[in-house]
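The same chain A turns up in both complexes below, where it pairs with chain B and then with chain C.
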Partner chain A sequence: MNWYVKRTGQALFTLWAVASLAFFLTRQMPGDQVATYVDQVIQNNPEQDPEIVRSNIVEQLMIDPNAPFHEAYIAYFGELLSGNLGWSIEAQKNLNTLMAETVPWTLFVMALATFGLFGISLALGAIMAYKEGSLFDLSNTLLGMVTTSIPYYVAGILLIIYIGYPEGVFTQYFPVRYKLPDGVDPGFTLAFISGAIRHATLPALSYVITAYGLLALSMRGNSIQVLGEDYVRVAQLRGLPDRRIALRYVGRNAVLPLYTSLLLSIGFMLGASVILEQIFVYQGVGYWMDRAVQYTDIPLMMAIFLMITVSVVIATYIADLTYGYLDPRIKSGDEGEAY
Partner chain B sequence: MSTHNTTNESGEMYSASETIIELRNTEVVFDMSRGVSRVLDNVDLDIRRGEILGVVGESGSGKSMLASAMLDAVVDPGILSGQITYYPDDGDPVNVLGLSDEELRRLRWEDISMVFQGAMSSFNPTMSVKGHFVETLEAHEYDREEGMERAHELLSDLYLDPERVLESYPHELSGGMRQRALIALSVVLEPDLLVMDEPTAALDLLMQRSILSLLEGLKEKYDLTMVFITHDLPLVAELANRMAVMYAFELVEKGSTDEILQNAAHPYTRALLNSTPNLDAPLSEMTSIEGSAPDPVNVPEGCSYHPRCPLADEQCVAEAPDFHDVSSSHQVECFHWEDAAEAIPFNIEQPSSPEEGEAR
Partner chain C sequence: MKVKPTEEDTADDVRTDGGQMFDDAESTDVGAVQEYKEVLYEGLVAPAKIAWSDWRTKTGIIILGAFVLIAILSDLHQNGYTILNDFLGIVGSPWELTKPSSAFGCDANGNNCVAGYERSRQPFENWQTPLGTDPEGRDIFAGIVWATPRMLRMVLAGGVFSIAVATIVGTVAGYKGGVVNTVLMTLTDVAMSIPGLPLVIVIVAILDPTNPYLIGVVVTINVWAGLARTIQAQVLSLREQSYVEASRTMGIGTPSIIQKDILPNLMPYIMVNFVYSARRVIYDTVGLYFLGFLSYSTIANWGVMMNWAYANQGALAPSGPRYLIIVPMAPIVLLSFGLILLSQGTDRLFNPRVRTRHEGDTVEDHEMDDDDSVQPAMA
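What follows is the complex of A and B.
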């Protein structure tokens, strides 16, 4: 069978399975947001008929919390297939719109964090390996172990206290709340781009700081191992420039085992965004996830679950396709699969 | 150094054009917590232009150190000292240990090249074989097209399909193919001297044989001098013109292959020959050498072989023997070299020529 067809089928199956499981689990949550909402409306407009209010809202939600499981399931997945995520009472918005507004922001923070994290950790890890046993190596190892033991949300709060709170130099550059400065509209303007980056810096940084140690130490270990390989010694004797040996021989081979962890970290970061975006009042996917759980907003929860699943599935898909290019010993595409 | 006429190991005069590399008092030491580890001890050796020198010895006798020393490539905390002089085809002799980093970088691979013990791990697994050739040519500023043509020719001389091998990644080649590709890579810059450290160690017997014959062809065609280091005495006996035997980090005997095989004068060499497995010899006549090889931190005083030697006496315990001439082309480091043949008879008749039997 064509590999791409098979792999796409697998991805779709994963998507369906996770969505079904999430649907089943969210239905078990206590609390009825619809009933609460109807009560609120009736309180404000006592003359309205509760039944009509209720059926109106249920129609927008696509699922009736009181309907039997199989009916609700069919109704919800039917709507999903036609591209409708439903309506969120909590956000008072259509979920397609809400997702389009929030997902890019969260992905932006994640991308910033991932590139920063891998850039810094891989480079410093390799330098530590080259200078094994030096003061730099020892102090950086210690630093790595300490920062790894700090949870990311604690790092986030510390960043707010020490960088964001004092009315000092940093505060104006790295604000501690919201996605954008006041009065800046999205568009290809310098104000927008720099504003977006500055607002995303601290959330991304709290992730980078706490994940740095583990990754840098893995890179250090891998590099030390590769440095001991015969092919590095042969390359040195062949008179290759040190730079080429560092990048093409040591770096390339040491990075291979970390490639998978790069893509797996996306799932972890999406989970982390629930708390991190709360701390930094950053209205991305995680911020709304927290509110959805608090107010039992099942359609909102479902939409976010789907977004997370889609991101992870796409990331693994990319990993599968590209791993063979990175490591020729692993076959990609038609020849085999790498996970 | 300044003169082209130097004294060779046996005291005879050789003109420099006959010697390609000359090692004097070459030593490698490692500082370890339990003492100084001397893994190459006072080695004097002349390698003559155009010869194949076989260096044999058991595991851990310093063979690989000798190979690394010739390229000044002893691995890090090891300290190499002594005098190593390389005589290029044309031009002045080169003091290898006195070169700057850049000069040393050029000497390696362009003049003196090396094939390593582990062909399996000598290639970068994430790079094609072609990439290895190209980067080597580029690092030494050789003409890329001309160099790749030479690579093609070398690979076909080694009975490989150049196109296929160059496009492959190392893991796609068999052990024998990889070893041959590595030999081609070592010779691509047209060195004069090729040092091979156990180049056939991981290969099956058939592949060992075929690589030997390919090496002979390569030597003739490209006018190479070869140093072939191995623990496999019969194998090298077939290839080498001259042999040097190592024991306990020093050379104990050197001479032409015929002389060593038929008239080995060092008790160790004789015992080594006797312990060589041979299909023609009955199992009961197979002998091993009593005792074990010494620790590099704690080599016995006097002759380092004396604890295992049946001929050892007070003199052997007290002082280290110098080289004695058995013939003009055969030297041995033993006080009792005249008695060795009698004391340690060969357990089978040695063949009259290495081509005929011993090695088969």
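What follows is the complex of A and C.
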């Protein structure tokens, strides 16, 4: 079977499986937000019929907590396929709008963090491998191990306390709250772009600082391993330029095993946004996930689950495609051992 | 100048990889007890000896050992055996472990409290409470010690659970191949794509767990997937090794081959990954307590103290009481640092290619790569 067809089918299956699992789980959650909300509405307008209010809300939500599982499942997934995520009581908003407002921000922080993370760790790891045993190598190994021991939210808290608040050079450049400066509207303006980047810097930095160490150390280990391979030696004997050996021979082969780390880190970062966006009051999906769970807002939770899963699946898909480009063997055999 | 030869030599004997293979072959004739002794030796005693010779693993073991000791003493105290306080009394320490409870019955200045201590005491101010007290008069150091046993239980449960599932799924899928492989790896891919923390939060909201073992398992509910993937890849290369093929040709069943030929080679790898999932358990449980998703009745976790500092005392506000949130973060970082040290040291010692190069690097430069010829099968 064509590798691309297989891979696409797998992505779609994953999406469906995760969505179904999430749907099943969120229905088990204690607390009935709809009932609470209906009570609220009735209290404010005592003349209304509770049943009519309820059915109106349920229709808008697309999820009836009292309906049997299969009915609710068919209704919800039918609406999903037509591109409707429903409505959130907690946010008092259509979920399509809310997701369009929040998802890009979370992905922006994540992309910033991922590129920063891989840029720094791959370069650092390679240099450490080349200078193996030097003071640079040793000090960076130690530093990497110390920073790796810090949870990302601890780093976030430390950044807020020591970089964000004290009066100084950093404070005005890297704010610790919200995703945009006051009075800046989204648009293709310098104020917007620089504001967005500055506000995303500290959250992204919290990931990068705490994750680069382990990745740099594995890059270092891989590079050392590749440096000892016969083909590198042959390349040297052939008199190939050092630059070519470093990039095409060593770099490429040392990076390949790190692809799993890349895939795992994407999912990890998106999950971790729940904690980090809370600390930084950064209103992305993680921020809303927290509120959704606290107030049992099932449609909101489902929408966030779906958005995060879609992001992970797409990121994995892209990573797999580029992996095939880096390592042509993957598409030839049916084992398809990408990682 | 003479370097201690005896220690080094025994350590070298232990880690020659060629020896292991033949020992295994011999032990199959010897019987179960002998065989388990061998497995125990190769899986635990030998690595432990090697680990002790490396400063990183040594420091890591010391840090973790200290945590385990504190956890045991604290657990005994909580169950009514006040060994720790008896000892501290003999030594004459001003601090002793008491259940961290808030102050009540204090006078107007917050002194002479019936329970608890003076409110909002800074760290290193009074040795009765070395790390200070919170605004309710709870001893922060006692709180940290009080929460340690539960934390280690969660770490143990989460680590064992994720490693067990990952190893079973990874080895079976990798060794059997075919349909089994496809099904298991599809499952693994799905698990890998589930956003971990949000899923855990939802499950926690449903189950509302308070048992530390259960929390540990819930937190690692999809952590195993990444490990299973990598173990499967390892097994795929292992099963093509000639000694595995030999076992297959001899008609030995799959369970025995996995148990005798495959698993011993994965042991070091599994141990290293145990450490990583343990670290993940620490991060996630503390994070969940910190955000208030896990319910608690007393100081059940370091994250609870962070939650109080963050939500009730405004420790993140510009002029908030910062020590309240920074002090409970210290044991988190220290514990995971111990784990990372352990994993880095063992990783390097178990990875034969890195190991041989490091043994060589005091003697020869990069160019002399005679270690290429002695590459064992494991990697």
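Throughout what follows, the second predicted complex is superposed on the first by the 326 of 339 C-alpha atoms of A that agree within 3 Å, B and C clash if a C-alpha of one lies under 4 Å from a C-alpha of the other, contacts with A are read in each partner's own complex, and residues count from 1 in each chain.
Quick note on the criterion: contacts are C-beta pairs under 8 Å (C-beta built on N, C-alpha and C of every residue); 3 or more make two chains touch, one makes a residue touch a chain.
Computed from a predicted model, the values in this text were never measured in an experiment.
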So which one touches more of the residues on chain A, chain B or chain C?
C
Touching partner for A:104 - first (chain B), second (chain C), both, neither
neither
Applying the touch criterion given at the start, work out whether A:65 contacts chain B, chain C, both or neither, answering first, second, both or neither.
neither
Touched partner set for A:181, first chain B, second chain C, both or neither:
neither
For A:256, decide between first (touching chain B), second (touching chain C), both and neither.
first
First (chain B), second (chain C), both or neither touched by A:230:
both
Given the touch rule stated above, what does A:133 touch, chain B (first), chain C (second), both, or neither?
second
Applying the touch criterion given at the start, work out whether A:327 contacts chain B, chain C, both or neither, answering first, second, both or neither.
first
Go through the superposed model and pick first if A:244 touches only chain B, second if only chain C, both, or neither.
first
What residues on chain A does chain C touch that chain B touches too?
229-230, 233
How about chain B: which of its residues touch chain A in the complex?
71, 73, 75, 105-106, 108-109, 114, 116-118, 121-128, 135-136, 139-140, 169, 171, 185
Which residues of chain C touch chain A in the complex?
56, 186, 189-190, 192-199, 201-203, 205-206, 208, 226, 229-230, 233, 236, 279, 282-283, 286-287, 290-291, 293, 316, 318, 322, 325-326, 329, 332-334, 336-337, 339-341, 344, 347-348, 351, 353-354, 357, 361, 366, 369, 371-372, 379
Could you pull out which chain A residues touch chain B in their complex?
229-231, 233-235, 237-241, 244, 248-249, 252-253, 256, 326-329
List of chain A residues in touch with chain C within their complex:
10, 13-15, 17-18, 21-22, 25-26, 28-30, 132-133, 141, 145-146, 148-154, 157-158, 160-161, 165, 214, 217, 221, 224-225, 227-230, 233, 260, 263-264, 267-268, 270-272, 274-275, 278-279, 289-290, 293, 296, 301, 304-305, 308-309, 312-313, 316, 335, 337, 339
